[in-house]
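One structure coming up, written as structure tokens, with questions to follow.
Order as written gives the chain letters A, B, C and D; numbering starts at 1 within each chain.
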Amino acid sequence: MPVERVGVSFEPELLQKFDALIKKMGYTNRSEAIRDLIRKEIVESAIKQEECEVIGTLTIMYDHHEGNILEKLIHLEHQHNDEISFTTHIHIDAHNCLEIIILRGNNKQVKQLAEHVRSLKGVKHGDLSITTLSI
Amino acid sequence: MPVERVGVSFEPELLQKFDALIKKMGYTNRSEAIRDLIRKEIVESAIKQEECEVIGTLTIMYDHHEGNILEKLIHLEHQHNDEISFTTHIHIDAHNCLEIIILRGNNKQVKQLAEHVRSLKGVKHGDLSITTLSI
Amino acid sequence: MPVERVGVSFEPELLQKFDALIKKMGYTNRSEAIRDLIRKEIVESAIKQEECEVIGTLTIMYDHHEGNILEKLIHLEHQHNDEISFTTHIHIDAHNCLEIIILRGNNKQVKQLAEHVRSLKGVKHGDLSITTLSI
Amino acid sequence: MPVERVGVSFEPELLQKFDALIKKMGYTNRSEAIRDLIRKEIVESAIKQEECEVIGTLTIMYDHHEGNILEKLIHLEHQHNDEISFTTHIHIDAHNCLEIIILRGNNKQVKQLAEHVRSLKGVKHGDLSITTLSI
């Protein structure tokens, strides 16, 4: 694949701080770190659009003794067959389960579905992480 | 389990807005919505502490044609056997893979490890979601 | 003003954690803390809408020796007379200035204007905080 | 001031997306956009450290008819003379005031003070934006 080169000028002090930061983050070269920063910005900008196609990773913690949460989750998952492409389940302790639900669809639908899951009684906490394929 | 009841007073206008919001989110009762808001705040406060025990869900998108990313990921995963409790892999298209890596450990370690994974060449984008068991 | 009372039931453990958290935050009563959590959620939900009327506080750090940044800022501020309701300026050190720009308008316009200010050469860093009047 | 030049290689597709993004943001050259992304990352990394010296811009909305909020704010501001370097006040409507409070100090103190202000009865909403001088 052909690549294009772009030259970026830096005050030495800024470059020094950048080198320190990316070393701490694990990068071995500046070019890769800069490309990753740019990709991150592109993704963050894209996922601000309501209509953007996204992939959401919803991590929920729930108490499986509480109500019929499992049934409700499975019911929801089947209702939203198009958006939910994958779920997995981790046994944490006697009470708590972690469930990872991968959602595909447009941004707005994915966020609404995530809120709906979080609102279920028994779901103690949920965090949704959003990314996009178009990168 | 015994429960304690707390009375909260509201101006009618605020209560109206709250009811509209939680209905949109999928809640069927205010009590559950308020408890969830409180749990969210407790989790958000806890995970600001560097030493807090956390569970991280790292979602990364990568190009499996790029370099030896799979080997590097597997190498990292075995090196960090204590922190990485689970990974799963989703085939997206001809180039792109989504990998979900569940990390357990203290907040600082989990974040560093996530940054390290994100810095690997071939990893296009990564987003880390953090929660805690102590809720 | 008449108030309505809502009863919320808590497991004792959750209530204990909540009490510890709000004490640390400075609250002296639970009712006020719960109302504030609810207002925060309402604001956060409102400002996700592109068309919501918002108030933005843009904090920028810039080097006043760099180019003609002051002129450009003043030019921008006069062009966007409707959105920029107020600016103030703090002298930080020999090079750095902090400028606080209060923006009123719809969410999308306010964010675009903030991005435009941040893109000016000489502006080193900018952070936009958004709130809404409708609370 | 001498500058150093760094070359960054891009796949053409990524460069195209980046060009589209920064054009929308108002940048006229890539070099400046890349430096800004880097500064943003440095600031975001710095302000994760509890002991970092920061500047906080706290925007609060409050109802000046409610209790003796003005007195409490002024009392707080004088108690924290070292951290609060500046406040300003904007009249919004018959009930609502916007107050911008600039806080200087270490990250932890600034966040605690902001939480304390937000916890005052009458303060409806508050948002804290954090930056650092060391950029």
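Everything that follows uses one rule, which is that contacts are C-beta pairs under 8 Å (C-beta built on N, C-alpha and C of every residue); 3 or more make two chains touch, one makes a residue touch a chain.
Nothing here was measured: the structure is a model prediction, and the numbers come from that model.
Per-chain Cα centroids separate subunit C from subunit D by 8 Å. Separating the centre of subunit A from that of subunit D, both taken as means of CA atoms, is a distance of 25 Å. Looking at subunit A, residues 24, 39, 135 sit in touch with two or more other chains. If you sketch which chains touch which, the chains form one closed loop in which each chain touches exactly two neighbours. Here the chains touching each other pair up as A-B, A-D, B-C, C-D. Those residues of subunit D that touch subunit A in the shared complex are 1-12, 14-15, 17-18, 21, 24, 30-31, 34-35, 37-39, 41-42, 45, 135. Residues of subunit C that touch subunit D in their complex: 22, 24-27, 32-33, 36, 39-40, 43, 55, 57, 59, 61, 85-86, 88, 90, 92-93, 96, 98, 100, 102, 115-116, 118-121, 123-125, 127-131, 133, 135.
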